[in-house]
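These notes open a run of structures that come right after.
In the two complexes that follow, chain A is the common piece, with chain B as its partner first and chain C second.
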Partner chain A sequence: MLVTLVLWLNTISNSIAQILLAPVAWLPGWLSASLIASVTGIVMLFVFKQTSNQSALKRTRNQIKANLIALSLFKEELRVCLRVQLTLLAQAGRLLALSAVPILVMAVPMCLSLAQLSLWYQARPLACGEQAIVTVHLKPTNNEVLPEIELTPTSAVDVTMGPVRVPASNMICWKIEAISRGLHDLTFEWGEQIFTKELAISNSFLPVSRERPSSNPSSMLKYPRERPFAADSPVQSIQIEYPDRVSWTSGTKSWMAYWFFTSLIAAFVARPLLKVDF
Partner chain B sequence: MTIHTVDQLIDNMSLAYIGPGAGFALAGTFLAVFGAIFSALTMFLFWPIRRLMRLILKRHPPRKPRFKRVVILGLDGLDHSLTTRLLDEGKLPNLAALRSQGSFHSLGSTLPPISPVAWSTFQTGVNPGKHNIFDFLSPDEKTYQPKLSSVEILSAARRRSVWPFNMTIKRPEIRMLRKSQPFWSILSKYGIFNCIIRVPITFPPEKLHGVQLSAMCVPDLRGTQGTFSQYTTRPKVGNQKTGGDVHYVQQTGNVIVGHLVGPPHPTHTDQGHLKQHFTVTFDDRDQATLAIDGAKFKLIPGEYTDWISVKFRAGWNLSIQGVCRFLLLSTQPIFDLYVTPINIDPEYPAMAIGYPPVYPIYLAKRQGPYATLGLAEDTWGLNEEVLNDEHFLQQCTDIDQERELMFFDSLDKVPTGLCVCVFDGTDRMQHMFWRYLDKEHPARPLHIPATFETAIEDLYVRMDELVGRTMAKCHDKDNVLMVLSDHGFNTFRRGIDLNRWLEENGFLVVNEELRDKDYLAGIDWTKTKAFAIGLTGIFINLRGKFSQGIVEPGIEADTIRDQIASQLGQLIDPQSGSQAIKRVYQATKVYRGPYKENAPDLIVGYASGYRVSWDAAVGRSSQQIFHDNRKAWSGDHCVDPSVVPGVLFCNHEILTESSRLLDIAPTILDLFGCPIPEYMDGKVLSVGSRQTGELIPKDDLVLAGGGVQ
Partner chain C sequence: MNSGRKPKISRRKILSGAAASAGALATACWLGGCNRASRSLGKKVIVIGIDGMDPRLCRSMMLAGMLPNLAKLASAGSFSNLATSMPPQSPVAWASFINGAGPGSHGIFDFIHRHPHQQCAPFFSAAETLPGEGSIEVGDHRLQFNFPPFSHTLPKTVLRRQGIPFWDELDAKGIPSTFYDLPSNYPPSPSHYGHHRCISGMGTPDVLGTYGTYQYFSDDSPSKGLEEGGGRRSKLRFIRDSAKTKIVGPDNAMLKTPTPTTIEMSVHRDRRSDAALLIVGDHKIMLRAGEWSGWTRLDFKMSTPPPLPSQSASGICRFYLQEVAPNFRLYMTPINIDPSKPAVQLSEPKNFITDISNALGLFYTTGFQEDHKARSNGIFNDDEFRQQATMVLEERLTLFEYALKNYEDGLLFFYFSSSDLQSHMFWWNSDEDALHPTRTTPEAASRFQYVKDLYQKLDGIIGDLDQRYGSKATLFVMSDHGFANFGRQFNVNSWLRDSGYLNPRETTSVLTDVDWSRTRAYGMGINALYLNLKGRERDGIVEPDDTAEKLTKQLIAQLEAVRDINGQQVIRKVYRSSEIYSGPAMEFAPDLIIGYSRGYRASWETCLGELTPEVLLDNPSPWSADHCADALEVPGVLFSNKSIRSPQPSLTDLAPSILDEFGLPTPKTMTGKSIFQS
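Moving on to the complex of A and B:
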């Protein structure tokens, strides 16, 4: 049930992202990262306004401010200050409770958005001539010998090493080398059965699916681009170790932090215009 | 960074971050929690040190304070005779309980018995000759134009505009004209905490140990003492409304466009006043929507909106904020909209209206916007028949509710020290509704709505309930609760045009063509020896004092004073045949102190039922001396002080026979063990113990009513 739901959500988010995030492919990384963060910040702020009890939030926030001022105005009275502090704690709890509804409403879209953004910024595609490790995770069985799965070289990719079988971890690894640019499919064959995994080769931006996941809702949310393997499939997941993208705005190590702060700043700037209390 | 670590990061951060709004809310929550814990720890750590420092460094009262807390509840204008009658009729059970716990006395007011003078005496413990407040208004010695007697605005705020920035070069310079010092300043010197809420003549706010919210003379955003606005589709008529502006608007389709008039432009004075546009759109026959400053509000006929924040922009980075309430009076066939004077927004005050400046902000954050205007209840709106009785009553009770919230918060926050709060709605409502109490009043309507038949009594009963709620909060034995008024009240049936009397008796000459002009503009100063303006007295046109003075100080002036005092004292109302004036007082004889020269030369003590006429109050001279008062403003207290004593209730016995407002300041100082300065004119009232045998259990107090619990 949950798997179907996530699958359904991923299908929708992939379709929307395909349109909305298309400009990322041709915009400079810093610009697309800034634009996306700003727009999502403002959209989230708007959603927050619509889903929260604004007047109650404003009242509570004002009460908190009043109590903080009271601490300085009436500081001579220890008992009064303690009472004010207790009230302050209660109001902080109330503020948290008032934020619960928007948090719940926004949690799912936010996870889906971050997963879509991670396709673009979490890693960069392989450059031509660059090598990467491909790992196939198999379903644990009682057999001590791993199945004879083959990765066929194509005109886009060459297999330079492998397969290396690790029975203890139920995985088989290959080293591949990128040959021509574009989004390609790696094809794995085991007897009659064929398993595929998307491979991105480019010198610029392409959506990079680092893993084709198993039918696990959490993995599916993290890696939304490819359809998950069925629960009874002998292959559970296939990973490609892409290189890191180096940039402080749209690079592997910092894109999310940059996105957080830019969206916060955008929301902060838009707050008086949208008249939002938080 | 490995893929594994990044995945974890995505997991953690996406769970923690759910959008900027909620993110800020969460951050705010944690900040508040950390703030509370941090401040609690800091307080615990430093409290003993602070306490020790206070013990060592601060001045302490030479005697041990007799009580931990003194609470003074001021009910402006609560009349002694009426209170006594209602007490006897059993209609004021809480005040009766207070009387049985302690005492009830009449409280001698000041000469003249009007609020600015009386509350100045209350707070300073001196006669007007020492505190310099003799009336609401006094004539300017150069121009004869009336000016506020308690506040002088020496310079407006100076701002320099270097596009796109606007900088405040100099803050507005506002000077308090009340001299001497309030007794809470003395208490402050001895480290006693004070909470002073809306005591008249506390603007501009003065430094004290504690908190203070200013009252009388706090202007509206336009700088006036309260200018209401009326927007109407009625045909234009010539006459101006006193205390308000009428804007003639046109209806286009179902929309009416208007603008609020705000403060003068702070940087480009030639551009006049700042404005804020608004539209009123009729939704159906009985409702409309007000759109102002990007927000929308429902307008329902006869119902006030809440306080609406209005921003007047003078540049992209400079705005002045006010608050006002809208009241849709009618939609069809005539559109009529009333807007209260635009009060200084307490949350973003354009000038200091309290001490410390953050105190009004604290109150606004705590309880929402509130009326900050000195005379907050719009008596002119009712007097000019823009508002009706219900509207005015609603305004008064709303303001009382706001005040009660502030007052009860102070009672919760100040367990030790002095709490003073003045409710002035009592004064305003008695001014406007006395015609329902006085069956002989010329302004009494033929048919009185049932709600207003007992309007004044109902007011006293409401105040009694407030007293009950206050008593419940001052139940401890070491709390002194005083309920007092600055003066009483009386009917105002007939107005006496002092200028006309002076004219008929040869002391004043009027230029006939300018007779209708306000503010003494019609007076021929070359021939005028005495004139009247304001509510209380007569000024001699002294040479050397006034720019066009013709009377020599000394013998000539004394002779004129004597003549006027004796002749005016004999004035008989031809309609009733009774004496209209009890006594005429000479300032030089009744006041003591360095400022008595600033007083009107003669203070008129009117007999019951009389007061200065509306014309004379604004410096006009009409065609006759006596006028029936047909205005809603039907009760007054600008009479001889003996006619309108105030009240003094205390939950402790007061043994002194006769109490005066003048005595309150030294009495409070004495209760806190502080020395009484020699300059004070009042005497310490002997405050005994509480009648413990008759201590009313908290639960037995009558706490009914819509007050704030």
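Moving on to the complex of A and C:
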């Protein structure tokens, strides 16, 4: 049930992202990351306004201000101070409760959006001539010997080494070398069965699916681009070790922090214009 | 009268004020720029330091037409022997090059010095790590904070080379100087005026703080592992062709009892594919037998007491899968300091090396890059060592291209280590000694050919450089020393024991079981001999008067009289430091310096004061050539595209010559003279 739901959500988010995030492919990384973060910040602010009780939020904030003034005026009166502090605590809790609805409303779209953004910024595609390791994770069996899965070289990708079979971890690895640019399919054959995995080769931006996941909801949310393997499939997941993208704004290690701060700044800037209380 | 009125500012005043401000700003910028700009007036001097390049071999190869570019340089400019330092050891020689003066000026007399007040406790001569002061203890941890209110002193490594390096003169005059991999300069000495840049070379440690410790993983290593000079072996136990092991990193110095940090590594082999998969942390590396990996970053986590954030020490290494089956053998390079984010200062200024790493990627940063220890300990065979050394050279050549691309004017120094370490392993001149102690004659000849091949490769590099800069720059191609066979080894402490100077007869090491009350002299390091002098050594017994002088004379006469079983003279000459050294840095100078004849060197055990039953032994090590002989036996080379006037140029003459090329006088601290002036 949950797997099907995540599958649907991924299908929808993939379709939307295919249109909305298309400019990332040709914009400079810093610009696309900044634009996306700014727009997301403003949209989140707007959603917050629409889904929250603005008057209650405003009232609570005013009450907090009043209690802070009371605290400074009656700081000599221990009993009053304690009572005001308790009230402040309650009002802070109320503020949090009032924010709960918009946070809940935004949680799922935000997770889906971040998963979509990670396809662009978490890793970079292979450059032509560059090598990477591909790992096929198999369903555990009682067999000592791993199945004879074959990875066939194509005009887009060469298989330079492997397979290295790791029976102890139920996995098989190959080393591949990128030949021509574009989004390609790696094809793994085991007897009659065929398993595929998308491979991105480019010197610029392309969506990079680092893993074709198993039918596990959290893996599916994390790697939304490709359809997961069925629970009874002998192949459970296929990973490609893509290189890190190096950039302060759109690089592997920093894109999420950059997105968070830029969206926060955009939200603060837009706050007086949209007249939002939070 | 005008009070109360707003001051009236005309548009013209605003415009003229703005123009004046802009002018002042531009002038200030221009002046600032001038201060930073090169004052070498376009003058270019390029020095290529080829460690260990030998003049005899150069001459014979030039005569045979095998070094056409060096021959061309020699005929158009000059070629000469370059007198080296005594002893002709690299740290001593390069420090002499740096100061333009001998060991008395820089205080480096051997690879290893001894501390007289601790009765011959040895230490590395070029750099020393000073312990910190003050700490607070939290649980198992001992922490040091260098800010108030704690103000602890953190441990630090200091350069022990004394005196004034010649680039300080250039720096002061605004003449840029750039050095790549300069030996005897770790940690790098500071630039006072910002015109000097340098990457430290020989003497730079690895992440473990050693001069290079490889790690070797195999299923035939001793079950408890093995620590050996320059390396560590770990046993792999395969279950279904998978094994787990640990890469050993630096000690966590924040613990009261520092213990090594580690990173888990799992190893999976596939015999059918003759390949293996290594998983280091989250990173996968796949290699087939005989293949090297690229550089891999390692991040060693260091525990800290809560709530302090955990710390880490990072380094880089490469793996070499030697064999998959029947024996699994995996070599890992010493963990080099990461040049892209160095944990300690490797260059002056600090960002010089990170800028290079941003342009070129990761590269070796340890001082000794060719892993001679792996060859000496039998981890590598000759071909594997050569392959690794060639890889180092290729990396150096990429750096050399970068150096030339980023060179405008002033002084450029570039150092090649390959000729030294490959010669140590492959040199064997059969004209001097037909029989190699461990190799057959054809084997020895084929290995010596490797050295000749390397000389030819270096010749090509010089030829290319000459084509690009020959008419526009003064070129120096120099080496710090030459080379000689090392077939027989001499244990100076065993000789002192047999001659009655060191007691008791059962002594195995001067560091452990010598009777200082009956010992008059001892050896420590490669060429150094010390008297057990009263008042200087902690347990000294030799009176520093006529007794010392008499003993010195006796030792010199007897050492120079030592003959090998074939009657050959073992020691060419024994020098008194008081006669060959002068300067303000004589604190650790030995009393006598032993100058060995060609073919001989101090025994391996001598270096750290160990004794062997025999005084003279064959050298069974793959390290079958050396230069720690008499300086007159192993001079270096000097090629230049300019004519040299000096009849016998010396290593200490190069600094004055470089200064001379930039029109600067020789400072009084230097003993050398410009080779371009008669």
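The criterion applied here is as follows: the second predicted complex is superposed on the first by the 278 of 278 C-alpha atoms of A that agree within 3 Å, B and C clash if a C-alpha of one lies under 4 Å from a C-alpha of the other, contacts with A are read in each partner's own complex, and residues count from 1 in each chain.
The rule is short, and it goes like this: contacts are C-beta pairs under 8 Å (C-beta built on N, C-alpha and C of every residue); 3 or more make two chains touch, one makes a residue touch a chain.
Small disclaimer: the values here were computed from a predicted structure and weren't measured.
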Original post:
Should the superposition on chain A be reported as showing a clash between chain B and chain C, or a fit?
Top reply: fit
Original post:
Now for A:Cys173: first (chain B), second (chain C), both, or neither, which partner does it touch?
Top reply: second
Original post:
In the superposed arrangement, which partner chain does A:Glu241 touch: chain B (first), chain C (second), both, or neither?
Top reply: both
Subject >> chain A residues touched by each partner, larger count belonging to chain B or chain C >> reply: B
**OP:** Look at A:Thr135 in the shared chain and tell me whether it touches chain B only, chain C only, both, or neither; answer first, second, both or neither.
**Re:** second
Subject >> Contacts of A:Glu148 with chain B and chain C, given as first, second, both or neither >> reply: neither
**OP:** Give me the angle at the C-alpha centre of chain A between the C-alpha centres of chain B and chain C, rounded to the nearest 10 degrees.
**Re:** 110
**OP:** Name the contact category of A:Glu189: first (chain B only), second (chain C only), both, or neither.
**Re:** neither
Original post:
Of the partners chain B and chain C, which touch A:Leu71 in the superposed model: first, second, both, neither?
Top reply: first
Original post:
Touch check for A:Arg165: first (chain B), second (chain C), both, or neither?
Top reply: second
Original post:
In whole Å, what is the nearest CA distance you get between chain B and chain C after the fit?
Top reply: 6
Subject >> chain B/chain C common contact set on chain A >> reply: 241
Subject >> chain B to chain A touching residues, read off their complex >> reply: 1, 3, 6-7, 9-11, 13-15, 17-26, 28-30, 32-33, 35-37, 39-40, 43, 47, 193, 211, 294-295, 356, 358-359, 361-366, 368, 412-416
Original post:
Which residues, counting only chain A, touch chain C once they are in their complex?
Top reply: 133, 135, 144, 161-169, 173-175, 241
Subject >> Of chain A, residues touching chain B in the complex >> reply: 41, 44-45, 47-49, 52, 57, 61-66, 68-82, 85, 88-89, 91-93, 95-96, 98-99, 102-103, 106-107, 110-111, 114-115, 118, 122-123, 210, 222, 239, 241, 244, 252-253, 256, 260, 263-264, 266-268, 275-276, 278
Original post:
Of all residues in chain C, which touch chain A in the complex?
Top reply: 239-242, 268-270, 272-273, 275-277, 283-286, 288
